[in-house]
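Each of the next two complexes has chain A plus one other chain: chain B in the first, chain C in the second.
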Partner chain A sequence: MTVQLDRRSFLNTLGVTMGAAAAATAVPPIVPAAAQTSPPPKGSIPSTPLKFGHMTFLTGPGAVLGEPSLKGHLLAAEEINARGGILGKRKIETITADENAGTDANVKELRRMKLSEKIDMFTGVISSGNTPALGPVAEELSVLTIFVDGCTDFLWDKAVPNPKYTFRITNIQSADGVTCAVAAAQTWPTAKKIAHIHPDYSYGRNAFDHFMIAYKKMVPGAEVVSEGWPKLGTTDFTAHITKTISSNPDLIVSSVWGGDYVALYKQALRFGMFNNAKFASTIAFGVAPHAIGKDHPEGVIAGVHSNYYFTFPPGNRWPANKIFVEKYFKRWNEYPNFQSDGAYHTLHMYKTAVEKANRLVGGWPDEEAVISQLEGMYFETAAGYLYIRPDNHQGYKDAVTGFSKNVAEYQFQTLDPARMITIPIRNITAPPHWPKPGNGHNDPTATYNWIKETWPQVAA
Partner chain B sequence: MTAMTTTTATADTGGAAFLRLLIAATAILVGLALLPAVVDPYQTVLLTYGLVMAIAALGFNLLLGYTGLLSFGHSAYFGTGAYTVAFIVRDLGAHSMELCILGGLAGTVLVSALFGFVCVRHTRIFFGILTLALSQVLWSLAFKFFWVTGGTDGIRVAYAKLTLLGGLVDFAGPGSFQRFVFAYYYYVLALFTLATVVMWVIVHSPFGKALQAIRDNETRASFVGISVRRHRWIAFVISGAFTGLAGILWVPLNGLTTPDVLYWPFSGEIVFMSVLGGFRTFAGPIVGAVTFNYLKTAAVASTEYWQLLLGVVLVTLVLLLPSGIVGTAMRLVSRWTR
Partner chain C sequence: MTIFIIQILNSLFYAAVLFLIAAGLSLIYGVMRIVNLAHGSLYALGAYVSAWVVGGAVGHAMSGALGLAGALLLLPIGAVVIAAVGALIEPTLLRPLYRRPEEYHLLITFGLLMILEDAMKLLFGGTPLSAGSIMDSMGSIPIGRLLYPTYNLVVVAIGLIAALGLWWFIYRTRFGVILRATSQDRRMAAALGLNVGRVYVQAFAIGCFMAGLGGAVVVPAQAAVLGMGVEALVLAFVVVVIGGLGSLEGALVGALIVSLVRTAGIQFFPEIELAVLYLIATAVLLIRPTGLFGRA
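The block that comes next holds the complex of A and B.
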């Protein structure tokens, strides 16, 4: 029952839109959700501080992507504390942990934070290798958790299929590979020979799988001509670069991230890897924006984990972003990445959930009440509308990606605000209750199976 | 622990000394048994990790301290134990921890017998490199065959799925984590005690003396009629089995197993534990393992420069206490009692 249609009408059905630069206008006094003052709380609220545990990469090549998470978290905590704390009474205290210590040490550290430091809530985490290990531990310990990233589908598909205490705010990972595939198919529809360079762990394989299943639906005849799987944390990509070039691809796809990506692109420049093939990344510009030099190739698809880039929407089209970027820059003297957005709005979303629960039950709401408010919450963030799906506790927002460009305004290379691609999230990820792997299919993820079964095949 | 250390590899086991050792060991054991009642559950978890690593270091030191072979690949046996348990629980659907231990030990003995057969043909750096290389073969298998091993995600082994003592103790139902923490601590403590006693008997047996003879002078040992290679091989297998037991016990505690425990830095940690505690003494690796575990956890928890802190502390300890914590303590005690 494969429906045949042409690529243009298929992309139209996906609702893919290209952004255009906005005219600079004066800012009308709009106050985003994160900055609104709250009504006085009901009942008596204890004044004991709230203890948060925040885990992210503070050292190693992951830090250039992960450290902004802590900065976003601290900025939100300072804002909330400046207004007296959550419900005007409970200030936020944060203890941190370095995710770079390794999965086993991270498990130990989460237990320490809950059992010894008695944290009220756990946030952060960047790597998809860590959330499937930490999620079950958080459920065991009954500690309310909002993961900022570590967005593997595997967490909800397999590791924690029925979450109670665990949530996640950034887009689900399968959307990342699919977003990249849609952008590439729309931009370079004749690219058939695809070379891949992905980190050798769950994120890389997830990106590979979802890019290919979606891309093949849109570009018939597409084939993989080379695969490179560098170990996560590698800084020498020479072998992978030469292998990729020698396969003579039309398009190179990569999900290498953080400091690894900075090393990859700088080495690839020396080999001229970007000269003869198009390049599309799921997460190249996911790092703190200033980590990308002006020497980065222009006009490539430089993904942002399909979540957020600080120049989009530009101008005053989405004041929540403009205000967030201004505050962040004022505090840290740098620009935020998608982790900063996630960590910052994690706290504000939690604050809103507590306030809502307080209006219903009075006093300091227990965790059950807060969880019921987080489930199904619709929230305004710098990255757009965010929806927390009740069935799997996963945050969904419209996916974005874009093209790299040097502009005079910034000391580093940015995404071109005039060429941003936005895709409605429900068009690229499996709907609620779509069968998970192991239930009637053995595909890598529910979304993979959903694409395979429901997306039409574009005619050759 | 200091009293226990008065028995070194070469000390006499005669009457009074043995009695003193027994009293000291019992006192330590009673202390360890009472500890969970006074410290918070997290400290109990941490100490369980420490005891597990102590079993690994104890096994490792049979090779380094008593046979004179520096293995740089003990992650292989720890990891084999851990992954065997994970496979047993995931693929065979077994729940009994005892079954996991038996299966895990069988797996480790097999692997260490095979690896040992190859490695004991050499000594010194060649031996070290061989053990390292073979362990990294296992690491890359676990890393690359992700459809079997889960790759870097590893395999999850939920404690709630396991039962202790043939099904007498289970952890079903909510809030079971606290129960698990206490029950498992005593479980590990019992096996740690057993492992320590067995190792003590081994190193003080004629077989243990033969290993020390080989360590001290290989040529002379073979002239006495000791089959050097076979003794080394048996020591290798015993050493691997102890480290494997540690890996087996570590899995439910950690909740999952990842290729990290097969990677060479983990072998390095085991070496360091033994050196830190003092590999010339029987109790050194035990003290070293528990200390290292606290040290690393405290460093990670206290600063983002934990690697630097850990490095500085470890280098300082090695420079100031070349005979390890236990060796130094013994020297101080003997100077004081003289």
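The block that comes next holds the complex of A and C.
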């Protein structure tokens, strides 16, 4: 029997918070974990460098996300190396690989990096098409891996159901569609006719599925009036836009990202797509912040992959963010995105795990010891607390999204500091040990099934 | 009805851009028998150069002085630059390989594709570049209760003019006769005293100019983004497979078929948008392996 309750009470149970920016006050002398100096290591530590393989999009449409990923990685490596390396001894050397080579070539490259370059650790990866292929290979090669993105639920649901060596730091993908649905249902609860434009691959499909299952729970009678499935890398959206407008939607939902999204919004503006319908995106502002012009429509839900936006948490409320943004800007003369945050904290999280393991076992800890420290780790990042769940090695942090707004302070459009939305991650993703697809249900993901089975249906 | 009209206009817009790219690809193949895999990247480079010029300091000065006309005058610079790049590539990279088997052509142009993709990222960065000021100042026209961007109509007109111009150039001018003669029999043309080397460099430059023009006209409507060249190359191949490689009429008809079918797919069968173009190409290959206008 489904429980009936009204939307407001249900949103209250989800703990959705709409936050306003704090006025700037004097900075208290707080130093975040990433910047603290560590006690001297136990035992003797070899001085051989650590070799990291960082794979990300260096060319192609994905490079607009890949550049920030590599910049975050390099910034952390430089910082750690400037203090002598991990445990004060082992400096980080990075070799890069271009994810744009395609899934098969990426798998070969991971094998080459491990077998011939002898990497100690593998990081990066953006596409959800790639992590499910790379994950099993990383397990087979026993190479410690922290994926920055490629956050499909499928990785842990099916491809690597019992991970040992593989971890992932950005929020799980289903959270993205659900976050967008919660924000939309809270903001425009009367929107029933929904039009969709998503890239035709696993990310777009995942966003569509999870938006709809969550949104229908909160907005009874919601229906899909139009679907568009452009190929990833498309820059001509005129036909999709006309089709979308022709369906007279109340709300348009999109997960088109990167350079594709920049091309989409610029075309949509001239066709008047934003004039008569509301617009909600899971990932519009996930690109490098300066890629979004001031011509972008204001007041739309402009998601950041439910992970991180550089102005939040604001001011001095969360010094780790302020310090990270300042360091990143100083090094690269631009602002970070969620990839930068993920790649940067991947290294610091690894460093912390090695230090903890060293204190327990002395000397350079073996991989088993490092893994045991990563499992269940609760870690301070620029975006807030990050929890690495031991059962599936997935990073969880509170989901965030917001509304687009032009502010005088920046040359590009940003998220409205007075209207940031945060949702405790526990309330929008399946808990540990929830049945995976193929175990008693055949829904797209564990979270999809969990929402279907446990969320109440809001009364009409 | 309004939707129908706008979707037809959208198709024509898409066809105009596709034609500019595919016609250059086809022209180069027709004359030199080179399948230029870097053609899409030259299109992308044209887009980047135009966006950079229009959006940069010169662009602001020109549009400040002349308004919209200033920006529009700067737009074709992308095409001119790409023609110049083409005139440089042909004698240095391609000419030594004409006598070699096709694999060498593919290898060198693929290498060029990789170099150009990296060069664009190095020169222009990873962030998309746009020349949206042109579209903004041209505004949109109402069609029924909907809006259609005025600039897109300009692109359709440019595509049409380019098609007519190219046809006139190849079939009605002395240079066109020389071009066709060289394309039919290179050795005979040389024996009759034609400077084949010069014809080749001119043909290649014209092909590149078309690609650059495609990039230049598309950039105000969309944006110059990394990877757009590879995407365009794949579509241009679909166009020439349908129309017939080496045929100008084929490029025009192929571009129209591809864009109309794609638009119909998006409007009526969104689930198979990805597959529909390749299905058509497959059907054409099965029935007429040389393409609709191709010669065996």
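The working rule: the second predicted complex is superposed on the first by the 460 of 460 C-alpha atoms of A that agree within 3 Å, B and C clash if a C-alpha of one lies under 4 Å from a C-alpha of the other, contacts with A are read in each partner's own complex, and residues count from 1 in each chain.
Following the convention adopted for this analysis, a residue touches a chain if its C-beta (ideal position, glycine included) is under 8 Å from a C-beta of that chain, and two chains touch if they have at least 3 such contacts.
Fair warning: this is a prediction, and the values are worked out from it, not measured in the lab.
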Simultaneous placement of chain C and chain B on chain A, clash or fit: clash
Touch count on chain A, higher of chain B and chain C: C
Which superposed partner A:S246 touches (first chain B, second chain C, both, neither): second
First (chain B), second (chain C), both or neither touched by A:I146: neither
Chain B versus chain C as contact partner of A:K108, first or second or both or neither: first
Partner chain(s) touched by A:A183 [first = chain B, second = chain C, both, neither]: neither
Partner chain in contact with A:T238 - chain B first, chain C second, else both or neither: second
Touching partner for A:T59 - first (chain B), second (chain C), both, neither: both
Which of chain B and chain C A:D200 touches, first, second, both or neither: both
Which superposed partner A:R270 touches (first chain B, second chain C, both, neither): second
From 76-84, 112-120, 148-156 or 184-192, the chain C stretch with C-alpha clashes against chain B: 112-120
Set of chain A residues, in rising order, touched by both chain B and chain C: 58-59, 200, 231
Sites on chain C touched by chain A in the complex: 3, 6-7, 10-11, 13-14, 17, 117-118, 121, 126-128, 130, 132, 135-136, 140, 146-149, 151-152, 218, 221-223, 225-228, 230-231, 262-263, 266-267, 270-271, 273-274
In the complex, chain A residues that touch chain C: 58-64, 66-67, 100, 200, 226-231, 233-236, 238-240, 242-243, 245-246, 258-260, 262-263, 266-267, 270-272, 288, 290-291, 293, 295
Contacting residues of chain A [partner chain B, same complex]: 58-59, 96-98, 101-105, 107-109, 111-112, 115-116, 129, 132-133, 136-137, 140-142, 154, 159, 200-202, 205, 231-232
Of all residues in chain B, those that touch chain A in their complex: 40-43, 45-46, 49, 143-144, 146, 151-154, 156, 158, 160, 175, 177, 254-256, 258, 260-261, 296-297, 300-301, 304-307
